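Same chain, two partners: chain A is paired with chain B first, then with chain C.
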Partner chain A sequence: MTHPTSRLQDDVHQRVRLGILAILNGASRADFAFLRQTLGLTDGNLGKHLQVLEEAGYVAIDKVFENRRPRTWVKITRSGRAALDEELAALREVIASAERGATNESLSAG
Partner chain B sequence: MTHPTSRLQDDVHQRVRLGILAILNGASRADFAFLRQTLGLTDGNLGKHLQVLEEAGYVAIDKVFENRRPRTWVKITRSGRAALDEELAALREVIASAERGATNESLSAG
Partner chain C sequence: MGDLRTAQESLREVARLDAIGRAPRTEVWFPLLVFGLINAVAAPLVLMIGRDHLGSFYLPAALAGGVLSALHYRQTGRVSGLQAPLFAWLAVIAGATVAGAVCSDAGREEGWRALNLAGPGVALTVGYAILALWARSTVLLVAVAAMAVAIAFSVNVADGDPAIAFQVGSWAVVFFCLAHFNYSQHRRHP
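Now for the complex of A and B:
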């Protein structure tokens, strides 16, 4: 027997990274300041989580100059969308299993 | 603006602990061996996560002897149910927000 939580991968499941991917999934791209503000993070914390996601191949990061000011754009990659889809599918199963509600059953292995 | 992922608490959101609480929510109690087997964990790993949940007041652990053999029963507490309910509500919002699907919008803070 395998429980749906065994399909959750920490790269994607971690709270902040799940937030980043959920935001990016709904947009063509987002800038660093938008993510930091929407998720209520410090620069350092957001930077650390973006690095994990970039190393996993789930986001692409583009540092540019616009009107002589630096701007960091972040996009979700195709493999990031696939990983997020898997996470969301597993979460739906976890929610459904947890909501089946309390029984009086006593669960034991033997 | 606050994102629903900011309502996810690590005590409950962590993959293994979410699995433990989801299983316990559907039963009167479960024993250690059942949880270990269903979640595919080692004794040490399950023990560590149960300790986090017990310290948070989310599970109650009862070590007994049955037929001269030790057995560890685990139950979700009222406050564990409340914490799981909050997690599931936040997860439903995260899923809904992530599923709103790709637009061509470029999200920036200014």
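Now for the complex of A and C:
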């Protein structure tokens, strides 16, 4: 039997990338500045994480001009939602497995 | 133990950020205000033109209200940088309004009083209930409960056009109150 942590995907499991997907999951789209401010990141740091997510096909990035100013909108894709669901299921499994382990330990100690 | 703590912290953080992402959906004061106005106009109008002709006002007004609400969400999303999904809102409002008109016509043609008087209201209430669940909005759930109570009360104590006038009139009052509550709530905790 494999350990539940083996189901965690590197592209999604990283704390910031998981946060980006969590925000986008409930929204239609969010802009770069909103994500940067909400997650407390620098431009470069957020840009790198978005690049990883875009290359994995988890987000779609749309660069547009609004009122003659550049703006970057980010949207979660269907596979991004699936990856987030899978990650959350894996995290719940990690918790359940650790709790089962703790219960077994206390039973054998008693 | 480290795995457990990290996983628990990750889930808590995801829940917090998910709530931030969904926040624009719970800002429902504008659609409540628009649909409150539509119902406020419909209440005296139904007494003047009769419920059989109310659809010619209510149907285009509700669809226009849906489009106006979608445009409002789009604009506020542009300003804040976080946009709520618009399709669900438009689809549910359009579907519920059309279903309400169909119920009203079918009730009149078949001579089913309950369907004619309560059908449109029930269709709209179901539509709002779907939106309340989708938006996870307590304010919309309160509106749904008040709408259902108004329908049950009006059908039991009144008949014909006054029953419909009571329904939409009381919805207007409830919508205005909830719009005010939701607006002040979001101004305090944007």
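Note that in this section the second predicted complex is superposed on the first by the 99 of 110 C-alpha atoms of A that agree within 3 Å, B and C clash if a C-alpha of one lies under 4 Å from a C-alpha of the other, contacts with A are read in each partner's own complex, and residues count from 1 in each chain.
One rule holds in what follows: a contact is a pair of C-beta atoms (placed from the backbone, for glycine too) under 8 Å apart; a residue touches a chain by one contact, two chains touch by 3 or more.
Since this is a predicted model, take the numbers as computed values, not measurements.
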{"item": "Partner chain in contact with A:42 - chain B first, chain C second, else both or neither", "value": "neither"}
{"item": "Touched partner set for A:95, first chain B, second chain C, both or neither", "value": "both"}
{"item": "First (chain B), second (chain C), both or neither touched by A:16", "value": "first"}
{"item": "Dominant contact partner of chain A by residue count, chain C or chain B", "value": "B"}
{"item": "Which of chain B and chain C A:108 touches, first, second, both or neither", "value": "first"}
{"item": "Contact residues common to both interfaces of chain A (with chain B and with chain C)", "value": "5, 15, 18-19, 22-23, 25-31, 33-34, 38, 88, 91-92, 94-95, 98-99, 102"}
{"item": "Of chain A, residues touching chain C in the complex", "value": "5, 15, 18-19, 22-31, 33-34, 38, 66, 73, 88, 91-92, 94-95, 98-99, 102"}
{"item": "Chain A-facing residues of chain C, complex", "value": "1, 3-4, 7-8, 10-11, 13-14, 17-22, 24-25, 77-78, 80-86"}
{"item": "Sites on chain B touched by chain A in the complex", "value": "1-6, 8, 10, 13, 15-16, 18-19, 21-23, 25-31, 33-34, 36-40, 71, 84, 88, 91-92, 94-95, 97-110"}
